[in-house]
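Chain nomenclature is as follows: A, B, C, D and E, assigned in order of appearance, with residue numbering initiated at 1 for each chain independently.
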Amino acid sequence: MIFIILLIIMAVLLLAAAVYSIVHRDLLFAVMGTGIVSVVLSLFFYLLQAPDVALTEAAIGIALTTIIFIITIRNTTRDEDEIIDKENEKL
Amino acid sequence: MQEEFNEIFIKYHEIITIGVYGTAIGLILIGLYAVLMKKNLVKIVIGLSIMDAGIHLLFVGIGYIQNGTAPIFSPGYENAGERMVDPVPQALVLTAIIIGFAITAVALSLIIRLYKHHHTAKIDQIKSLKW
Amino acid sequence: MTNKKSIPLLKRKSSPGKFIYTFLIMFIIWLGFTTSFEPAELITGVFVSLIIALFTDRIFSCCGMRVLMPHKIIYFIQYFFVFIMALIKANFDVARRVISPDLPINPGIVKFKTKLTNSFARLVLANSITLTPGTLTIDAIGNTFYVHWIDVTSEEPEVAYKEIAESFEKILMKIYED
Amino acid sequence: MTIILTIVFTLMAIGLILSMFRFVKGPRSGDRAMALDTFSIIITAAMVLLAHVFERYIYVDVALIYAVLGFVGVIVIARYIEGAL
Amino acid sequence: MMEILEYIGMALILIGGIFLFLGALGLVRMPDLYTRLQAGTKASTLGAMSTVLGVGLLHPDWILKILIIVIFIGVANPLSSHALARASYRKGVIPFSKNNIDKYKKAVKKQIKNLTS
């Protein structure tokens, strides 16, 4: 029974992180949200008996995707609506 | 001890199936919302990658069977052929993750180019067709 | 040792001792990754470690085989035990502070000077300080360590040095500085 | 044996929920990056424990990859916050 | 002999779970970023190490890979928290302090002045 509750908790966490990364205006926090989505998704693959997929998701999701997104928001803006000036961001 | 956990997995198989499929479809819908409604290009790419994640979860969930084990032959598991989960969706998902990463990288590099030309990354402010 | 700090990383000299040290570490890591003792895998591991050691020995190791002398191994074991004891004490400390309802903390940032000159030894000291009771290394500029201390008893650098770093530094001096 | 594993998995799940709370609430980016780090650490430990539950040696490799690569993302985020990337 | 190892391993797994939980609790309860970093880093490092070592004691033939995981956790986790603390201080996160003990501010100001001039 506890396993089922754990699975439901994980599903809720996954959806919450996905919604957070869509809703939040700061793009850096959105990227961190995709990082959490990728971490929990990897645990899902692991529970569904697919360790090779979990391994690839771990390597690509947590390291490479974060790095290329951060390089992008460094070269563009960090604010989604582009209201805060790039030099003045204090978050 | 493994048997007790396997019993749990068999007993609540429907709940696990519904949970996995529901999570996958929820992720796809969230990503679709972002792709359709958001104005910022980086946000759209984030939505695409979340949609990707949902589709991968759906595929792996299709291949799962009750009381399954990983489709890898290793010492102690030479005769576990009929217990193994379907390896074909896993191979497909493995390829799809890599290709999704490549698509994300290309899209982000295009966004950087676009930003350097237009000084904005919002699609409703980019009005000229050529750049 | 003191003028080594000014030499850039890519222009350091390589030596046979460093080469053997890097080779040994790489081979042990290979054994941990594969966990098998078949001849084919062992030979592959030897070749891979040789190639890696050939290219990276001057960056990877600081002082070569001097560290692996027998009397220094004993100090390593001693350091390990001191570190494990400090880690366990640190965790019960954190548990006490987290669970108690009124949060008994009095944080502040103190500084002290270290006598270590070797940069790798400084790295080990900084990581150890982060994992021991109530302290977190924030920065190390030159030989000055800036440490966030969760329960400041004194602002004086000497007192802070005695409370935080002395037990580790004594052993690290014996390992890296002779 | 099973009861201990159940307790440990429950504690890990509560830990995940708490760090998710800090991730959503955390006023600054440092708090959120710390929550991400705690997430990946807890999931590394859970993966090794699940390898024991399923009794297969290959599953430890995934946890190994997490332990090696899990901090790269946090380091890159820290460098970006510092402005030195 | 094996039974003793099993009991020790189970005890280590239980202790690890408790400390992982305490680390997350400290992440929520502490008042500012630096104390959060302290609680999170220490407790979660020992928790993960102890859980992983416990599994290693339950299966003695896995012990080499388990040891490598333990070493990587012990090296990587303090590094990331150190980088986060340094970056946050330079971005202007002021530490919570009852007695205003802050020796680092002067050094940062001096370094920034050297960089700009």
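Following the convention adopted for this analysis, contacts are C-beta pairs under 8 Å (C-beta built on N, C-alpha and C of every residue); 3 or more make two chains touch, one makes a residue touch a chain.
Keep in mind that this is a model prediction, so the values were computed, not measured.
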### Query
From chain B, how many touching-chain steps at minimum until you land on chain E?
2
#### Entry: Both-way neighbours, i.e. chains that touch chain D and touch chain B
A
#### Entry: Shared chain contacts [chain A and chain E, defined touch]
D
#### Entry: Maximum centroid distance from chain C, chain identifier (CA atoms)
B
#### Entry: Nearest-to-centre chain - CA centroid comparison
D
### Query
Measuring from the mean C-alpha position of chain C to the mean C-alpha position of chain D, what distance in angstrom results?
24
### Message
Using mean CA coordinates as chain centres, what's the gap between chain A and chain D in Å?
### Response
13
### Query
Taking each chain's centre as its mean C-alpha position, how far apart are chain A and chain C in Å?
32
### Task
With chain centres taken as the means of their Cα atoms, state the distance from chain B to chain C in Å.
40
### Numbers and ranges of chain D residues touching at least 2 other chains
1, 5, 9, 16, 28-29, 33, 54, 57-59, 61, 64, 70, 77
### Query
In chain B, what residues contact two or more other chains?
5, 69-70, 72
### Task
Any chance you could list the residues of chain C touching two or more other chains?
33
### Query
What chain pairs are in touch here?
A-B, A-D, B-D, C-E, D-E
### Summary
Counting only contacts in the complex, chain B reaches chain A at residues 5, 8-9, 12, 15-16, 19-20, 22-23, 26-27, 30-31, 33-34, 38-40, 42-43, 45-47, 49-50, 53, 56-57, 60-61, 63-64, 68-72, 85, 90, 93-94, 97-98, 101, 104-105, 108, 111-112, 115-116, 120-122
### Query
Taking the complex as given, what residues does chain A use to touch chain D?
2-3, 5-6, 9-10, 13, 16-17, 20, 28-29, 32-33, 35-36, 39-40, 42-43, 46-47, 49, 51, 54-55, 58-59, 62-63, 66-67, 70-71, 74, 91
### Task
Would you tell me which residues of chain E are touching chain D in their complex?
10, 13-14, 16-18, 20-21, 23-25, 27-28, 33, 36-37, 40, 44-45, 47-48, 51-52, 55, 58-59, 61-62, 65-66, 68-69, 72-73, 76-77, 79-81, 83-88, 90-91, 93
### Task
Would you tell me which residues of chain B are touching chain D in their complex?
1-2, 4-5, 69-70, 72, 74, 77
### Task
Could you pull out which chain A residues touch chain B in their complex?
1, 3-4, 7-8, 11, 14-15, 18-19, 21-22, 27, 30-31, 34, 37-38, 41, 44-45, 48-53, 56-57, 60, 64-65, 68-69, 71-73, 75-77, 80-82
